[in-house]
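Questions regarding the structure given below will be posed in turn.
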Amino acid sequence: MIQRFANPNRFMRLSAAVVPWMAGATMILGAAGLYLGLFQAPADYQQGESVRIMYVHVPAAWMALFCYTSMAAASATALIWKHPLADLAARSTAPIGICFTFLALITGSLWGKPMWGTWWVWDARLTSVLVLFFLYLGYMALVNAFDDPARGAKAAAVLALVGFVNVPIIKFSVDWWNSLHQPASVLKLGGPSIHPSMLAPLLLMALAFTTYYFWVLLVRLRAEIISGKIRAIRLRQVHG
Amino acid sequence: MTQFTGRNLVCVRGERRVFAGLDFAVDAGGALVLAGANGSGKSSLLRLMAGLLPPASGTLSWDGAATAADPEAHRARLHYVGHLDAVKPVLTVAENLRFWAGLRPGRRAGNPGDSVGPALETFGIAHLADVPGRFLSAGQKRRLTLARIVTAPAPLWLLDEPTTALDEAATASLEAAIAGHRAGGGMVVVATHTKMAVDGARVLDLSGFAVRSQGAGALDS
Amino acid sequence: MSRFLHIARRDVRLAFRQGIGGLMAVMFFVLAVVLFPFGVGPEVNMLARISAGVIWVAALLASMLSLEQLFQTDFEDGSLELLALTPMPLEVVVLAKVTAHWLTTGLPLIAAAPLLALLLHMNTDGFAVLIVALALGTLSLSLIGAVGAALILGSRRGGVLLSLLILPLYIPVLIFGVGAVDAALAGFTVRPQLLVLGAFFLAALPLCPWASAAALRQAME
């Protein structure tokens, strides 16, 4: 039983060593990606300079999904193997994921204005990301709705899994709904024929966002573990 | 002989370890009285025994077979009385009782037979059979809850502060019911603060298993 | 099976004994729909155009509002623990309670829907499909909502939280429910939409009781 639990002290030592590397990688990859994306990559012949929003928007959207998947995986680990770090990881991932989702929505909206002439269209992708945003919101509300953090974590883990099963169903439904109401007039992004000069900054930014995620996740996990220790000291004051 | 045992039980509530390394054993016809201060884990231990709360470690066994292996069989052989009375205000006393009796094994649901009347008589509330639950006093609700456990036979009774709100007469009825249950080979585990006459009961003082100055609960274990 | 019916019958009886309170969901449904003509104006074409969507959204909200109480009262008065301790899978208990919920709120919603469709000047071609789609859809809504109702037990501000949790999950049912009625009104086949609604129901039937039971067990720990 005891061996199965990850030793938080070892985690604290390991994470302390990894955090600066993650921070450094984020800075370097991000700087390189932004430089290539903003100054080196060509402007689109149709979209002009506004195409450069893509280098933030697309990785953010990827990360929104990536974080939700990690959250569900961590929740499953917590429910099945009762790994205490998994609960913390799921809970710490949610705020990061919702920020990426929000970033994807905002940049999508900013990009939409010059492209489609409107801040928002009920396009299948935008709508799906909006629903994903609400799923994150529900998860975070549930985690924090209980006086006992363990109860909140467990309830939220069930919700994360239910939500994860539902994401493809929602995506399918929204696609169907969208094809019914809006003929494919909306410009679709990307496609396979993306030029290498655009692909390089895109991938660099995606990598930078990923290392950023792990960086913040580790910092948040460390903070959670420390606050858990503070709670334990408080409990000892009460129960002797 | 039938035996209900727990070995090396650890209970974690919230982020706190309530007790650790707890052992107990109850034989057929035996009784176990749980003692200990508030917060020592008497209710938690009863919930653990009922299967409502999984132990953080350790095993509960019935005749040597782990109860966790077949939780439904375990639930079929126990009656649990918690702090709450589970009395529906819009159902009459008899309807309340008939509902719970109908869910027990060995009888057809919806036709709990004639055990409802005698059970109500045991606790002196037969005259209230047609009264809706919302008119009952706290003591009468408690009597109704206790009547539930005598309507259907089950070898193991888990009683958490059963005498709360009971007057002396009702407490005596309960003591008589427990004695009758044990005479028929039943077991009783009871947590109580008041004096209850339970002959030849073993006493388990939970204060002895309290976890003091332990680290940060589950995370530090 | 008889125990399943026993629980479902008890929940239906509890709902009936509450009198007018049991019809709260359907009253909300009617009021919410009646508000729309005031909001968008009484123009017949406009109302007919949005009728399917308005009825579906109102039905969804009404179903959700009544779900908050699905496990809440049983949780608060201790009945839920006793139900969990009956010798049958907790999933069956959940399914019985969901069935009772659907009978007491889903069915009245379906019965009221044609009346509201008339008020909104929906073409009568859509009525039959509206009823079939609502029947399939509200079953799924009750099942999905049960998961949310189980998750919020013991939380602060449960009602608002419940809407936050399950409304996003209701979107697929809404899309295909409205889609079926709109297709019928436009004279297209409604088979694909109804099949998808049926698929949602069949998928929710095993998954949702399982997830609800898991959440209930945690709530009672």
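Each chain gets a letter, A, B and C, in the order it is written, and its residues are counted from 1.
Here is the rule we go by: contacts are C-beta pairs under 8 Å (C-beta built on N, C-alpha and C of every residue); 3 or more make two chains touch, one makes a residue touch a chain.
Note that the structure is predicted; figures quoted are calculated from it, not measured.
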Seminar exercise, completed: Note: of the two pairs B-C and A-B, more contacts are counted for B-C
Problem set entry | Distance-maximising chain from chain C - centres being C-alpha averages | B
Seminar exercise, completed: Here the gap between chain A and chain C, centre to centre from mean Cα coordinates and rounded to Å, is 31
Exercise. Between chain B and chain C, what's the gap in Å when you average each chain's C-alpha atoms?
Worked result: 36
Exercise. Taking each chain's centre as the mean position of its Cα atoms, how many Å separate chain A from chain B?
Worked result: 47
Exercise. What are the residues of chain A that contact at least two other chains?
Worked result: 151
Exercise. Which chain C residues sit where two or more other chains touch them?
Worked result: 221
Seminar exercise, completed: For chain B, residue numbers touching 2 or more other chains are none
Problem set entry | chain B-facing residues of chain A, complex | 1-2, 5, 8, 84, 148-151, 225, 228-229, 231-232, 235-236, 239-240
For this session: Would you mind writing out the residues of chain A in touch with chain C in their complex?
Result: 79, 131, 134-135, 137-138, 141-142, 145-147, 151-152, 154-155, 158-159, 161-163, 165-166, 169-170, 172-174, 176-177, 180
For this session: Write out the stretch or stretches of chain B touching chain A in their complex.
Result: 14-16, 39, 56-57, 212-213, 215-221
For this session: Name, in rising order, each residue of chain C that touches chain B in their complex.
Result: 2-3, 5-7, 9-10, 13-14, 17-18, 76-79, 81-89, 220-221
Exercise. Once bound in the complex, which stretches of chain B touch chain C?
Worked result: 50-54, 72-73, 75-76, 78, 80, 82-88, 90-91, 95, 99-100, 102-105, 108-110
